[in-house]
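After this come two complexes, each holding subunit A, first together with subunit B and then together with subunit C.
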Partner chain A sequence: MKYESQRVAMPYFIFALVLFAGQIVFGLVLGMQYVVGDFLFPEIPFNVARMVHTNLLIVWLLFGFMGATYYLVPEEAQTELYSPLLAWILFWVFAAAGTLTILGYLFVDYATLADITLNRLLPTMGREFLEQPTITKIGLALVFVGFIFNIMMTALKGRKTVVNIILITGLIGLAALWMFSFYNPSNLATDKYFWWFVIHLWVEGVWELIMGAILAFVLIKITGVDREVIEKWLYVIIAMALITGIIGTGHHYFWIGSPEYWLWLGSVFGALEPLPFFMMVLFAFTMINRRKRNHPNKVATLWAMGTAVMAFLGAGVWGFLHTLAPVNYYTHGSQITAAHGHMAFYGAYVMIVLTIISYAMPIMRGRPYGNSNTAQVVEMWGFWLMTIAMVFITLFLTGAGILQIWLQRIPESGEALSFMATQDAISLFYWARMIAGCFFMAGLVVYLGSFFIKGQASFDDEVHDGPALKDA
Partner chain B sequence: MTSLNLASESNSRQLPGDLAVWIFIFAELAVFGILFIGFAVARSLDPATFQAGRDILHPWIGLLNTAALITASYLVATAVHQFREKRSGVHLRLWLAVAVSCIYTIGKMYEYVNLYSQGYNLGTDTFFMFYFFLTFFHFMHVILGQIILIILAVKVGNGDYDGSDMNGMESGASYWHMVDLVWLVLFPMIYVLA
Partner chain C sequence: MAERFTKSMARNIYLGGSTFFILLFLVLTFDTQSRAMPERDNRDQLTEEVVRGKHVWENNNCVGCHSLMGEGAYFAPELANVFDRRGAADSDVFKAYMNAWMNAMPTNVPGRRQMPQFNLTDQEINDLSSFLEWTSKIDDNGWPPNIEG
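After this line comes the complex of A and B, so read on.
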């Protein structure tokens, strides 16, 4: 760690991992409710558990992005963070707001929550993924503003690098698009446009910039490849991400009452959205092949390769599967969507956050060359257990989706099964998904366990393997 | 003759410009390629609408635009050669290319205003959806290409580049030629083919 103030990333990472664990617990609750409908009813109804599962995901990824930013921006800019104190204050504000919101979901019914948080003054609640009370949304906006101020002040006083510029552009985009969550028009079609401006333009737009910048930073560090080469790739990747991603929003417009031409634009640009993810795979593997050093933190390298591959599969391939309008006519809102959502979020955003944690956390804990070999092996077990479990979750949901479409959507006359009868018919897939989910949880426990193993890798570990650079 | 000259200039075949730009060009061509396929499929499904739409366009403006883009490309190509030979006047050629390409941007805007005032837009029918989207998407690429040419012209004019490093100049020129190439497919496809 080159600058003391980078250490402020640590609480962000730790809290992110705690929320990650919470997210998976609620994932298991949901998986169970799919097959045992009244599981934990009436204490935790399905809609509440789903809200907690998805909101925790978003919040912990934001904590992860913020931690990553606090770690890498000072290092790239070659200067201390502008205000570590502000970073700490915002951490506690965000953590308190996030925790209170989740507790509110769990202990107060949603209508009462809307009432006591004065939603009526500026109604923004009740929309999928944007369920947060308005005051939480305002708090989040203030946290974003303070966070970006702190980061901008840091970046501006130091070295300007492409990684920093792209990361900060992504973060400003993230904050700016969040503003659409406050606009809640009564016309449902209009509402859906603005809703997608947050949801889609986050995950298929500006978040890709954030992901690309974090990946580039980790690759510069672990491979020792020249910054210029990595920056060039990064430019091309983010240009493609924006060209395809922005008009690609149209693949969400097939069913919301928008003009017909979106069927074409959404299909064509949606079909091209896998391109930047494919380029990220080429990017990661080419840079690692061309490495000028063998970094002793091998597990960070594994995460970097893993995130590129899994993002391409989950966001790219599984996204393409149902992005074409004629296909989406049948697949819309089926379990295919759930399959895509799971693997895309895990591959692209969970894994990129775990990549930077895997690289930065040992350094912040005083282990500049990474954790001990044992800890790395345990972490690799966590990697493979979670990743393989996620592949199976995705495959089982895809199977469920295909069967669901076949039974419920394809038949054109009376032989189509009803929704509930179809759900019964595909319950075997849901059970299988539940088992895969348990393996995912086991993988997470192993992964978290790796943090408690003592010892560290040494500079000598690198020398034995190949060329070495004394710069961690 | 040209190929002989090229062969004598360099012993090994080399990609002009940066590999990253070529990846970008390839991706851009993929985007346009898929849109062209979409156009062909839609046209085969509904030839009458496409014929009716085509009859309303202004082929002479399209032809003028084509001539403008080809001329600009010629100027860019010769500018690159002059630059390699370290001759003067490179930046003037680049500025001239930008000026000539403005015939295209003005012509295109005239067409848009004209069609729009007659009540045609993206939602009129499938033909006009493709017409407006494809040509406007290309229009945006021309603007980006012009910005790149202006940056090159300014840098060359200031002496920031010398002829020993061709990377920036060749990369920018390659991108411009891609924009030109796409129009050479777009023009006959939309304006001419019956």
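After this line comes the complex of A and C, so read on.
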């Protein structure tokens, strides 16, 4: 760690991991409710558990992105953070707002929550992933503004690197697109059209800039490859992401009232959306093959390769599976969507946050060359358990989805099985998914356990065949 | 990548490409919103009742279990075509069905998925029904494939 103020990333990372654990607990609740319908009913109905599961994911990823930003922007800019105090204040504001919102979901009936938070003055609630009370949405917008101000002031007074510029571009895009969460027209078709400006243009747009920048930073650090080379790759990846992803929004405009030309645009550009993720795989593996040093923090390298591969599989391959309009006609809103959503979020965004945590946390904890070998091996166990479990969750949901389509969607009206009868017929896949979910939880426990193992890697663990780590 | 492909070329592709596609997206959005959708989303029938019904839908987080036009959760049936499936595409039949259904929840059948009791007033059930009826009439390129949603 080169600048003392980078350490403000630590509470962000720790809180992100706490929320991650909460997200998985509620994931298991949902998995149980899929097979035992009245599990925890009426105390925690499905809609509440799902809202907690998805909102925790969004919030902890945002904590992760913010932590990553506070860590890497000062180091790239070669200057202290503009205001560590502001970063701490915003941490507590965001943590309090997030916690209160989740507790509100759990302990207050949703209609009452809408009422007491004055949703009627500016109705924004009750839309998927945007369930937060309007007051929370305003708070989040203010946190974004303060955060970006702090980061901009830091970046502007120091060295301007491509990694910083692209990361900040992504963060500004994230904040700007969030404004569409306040636009909720009475016309459902228009509502849905602009709802995707937040959802799609986040995860298949500006978040890819954030992911690319974090991956580039970690690769510069662990491989010692020349910055010029890495920055060129980064530009190509984000160019592909935006060239395919912006018009690729059209793959959500097939069946919600938008005109027919989106069937073509969404299919063609959607089919190209795996390209930036494929480039990320080539990027990570090429840079690691050409490494100038063997960084003693081996597990961070594993995460960097893992996030590229899993993002390509989850977002790229599983996205392509149902992006073509004639296929999507049958798969839209089925368990195929759920399968894709799980692996894409895990591969691209969960794993990139865990990559930067794996690299930066040991340094902030006074272990500049990484955790001890034992801790790294335990963390690797966590990596493999969680990743393989997620592969199986995705495969079982895909199986459930294919069978659902076969029974419920493909036959003519009158012959097709009803939704609920279909759910009964495919329950075996949901049981299998539940078991895979338990393995994921086990992996998470092992992963979190690795943080409590003492000791550190030493400088001698590094193999010198290039510029030494000390000079990086 | 070959050395003749320089960083500044990569940057120009990024800047030029993203600017072009952002502008194209804005043009397409303008066309979709101003020209195409008014003919497809039957907005002329967007009554006060339908607007109130959308708020009932949102304030009770219905999308947390159901999907609507294929978006939402996949725990409970698709509802963009429930007007056709359960109401035989008839307003009175559908409203009577909705009234009976909403008041019968939850079923409390052991082991089955349960829909909570939302304690809606008759007026709210009526508004919600109008919203779902209006939604079923949006031109959605013929989705879903069959009545089961």
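In this section, the second predicted complex is superposed on the first by the 463 of 472 C-alpha atoms of A that agree within 3 Å, B and C clash if a C-alpha of one lies under 4 Å from a C-alpha of the other, contacts with A are read in each partner's own complex, and residues count from 1 in each chain.
We take it that a residue touches a chain if its C-beta (ideal position, glycine included) is under 8 Å from a C-beta of that chain, and two chains touch if they have at least 3 such contacts.
Given the structure is predicted, the values throughout are model-derived calculations rather than measurements.
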So, does A:I243 touch the first partner subunit B, the second partner subunit C, both, or neither?
-> both
Touch check for A:A271: first (subunit B), second (subunit C), both, or neither?
-> first
Answer with first, second, both or neither: which of subunit B and subunit C does A:R409 touch in the superposed model?
-> second
Figure out whether A:P259 sits in contact with subunit B (first) or subunit C (second), or with both, or with neither.
-> both
Of subunit B and subunit C, which one contacts the greater number of residues in subunit A?
-> C
For A:M279, select first, second, both or neither according to whether it touches subunit B, subunit C, the two together, or no partner.
-> first
So, A:Y330: does it touch subunit B (first), subunit C (second), both, or neither?
-> second
Partner chain(s) touched by A:S418 [first = subunit B, second = subunit C, both, neither] | second
With the two complexes superposed on chain A, say which partner A:L122 touches: subunit B (first), subunit C (second), both, or neither.
-> neither
Partner chain(s) touched by A:K232 [first = subunit B, second = subunit C, both, neither] | both
On subunit A, the residue positions that both subunit B and subunit C contact, one per complex = 232-233, 235-236, 239, 243, 259-261, 265
Which bits of subunit B are touching subunit A when the two form their complex?
-> 18, 20, 23-24, 27-28, 30-31, 34-35, 38, 42, 122-123, 126, 129-130, 133
Which positions of subunit A touch subunit B when the two form their complex?
-> 232-233, 235-236, 239-240, 243-244, 259-261, 264-265, 267-269, 271-272, 275, 279
Complex contacts: residues of subunit C adjacent to subunit A | 1, 5-7, 10-11, 13-14, 17-18, 21-22, 24-25, 28-29, 31-33, 36-37, 40-41, 43, 46, 50-51, 54-55, 57-65, 67-78, 106, 108-114, 116, 118, 131, 134-135, 138-141, 143-149
Where on subunit A does subunit C make contact in their complex?
-> 33-34, 36-38, 41-42, 45-48, 50-51, 110-111, 114-115, 119-120, 123, 125-128, 131, 162, 184, 186-190, 192-193, 228, 231-233, 235-236, 238-239, 242-243, 246-247, 249, 253-263, 265, 329-330, 332-335, 337-338, 408-414, 416-420, 422-423
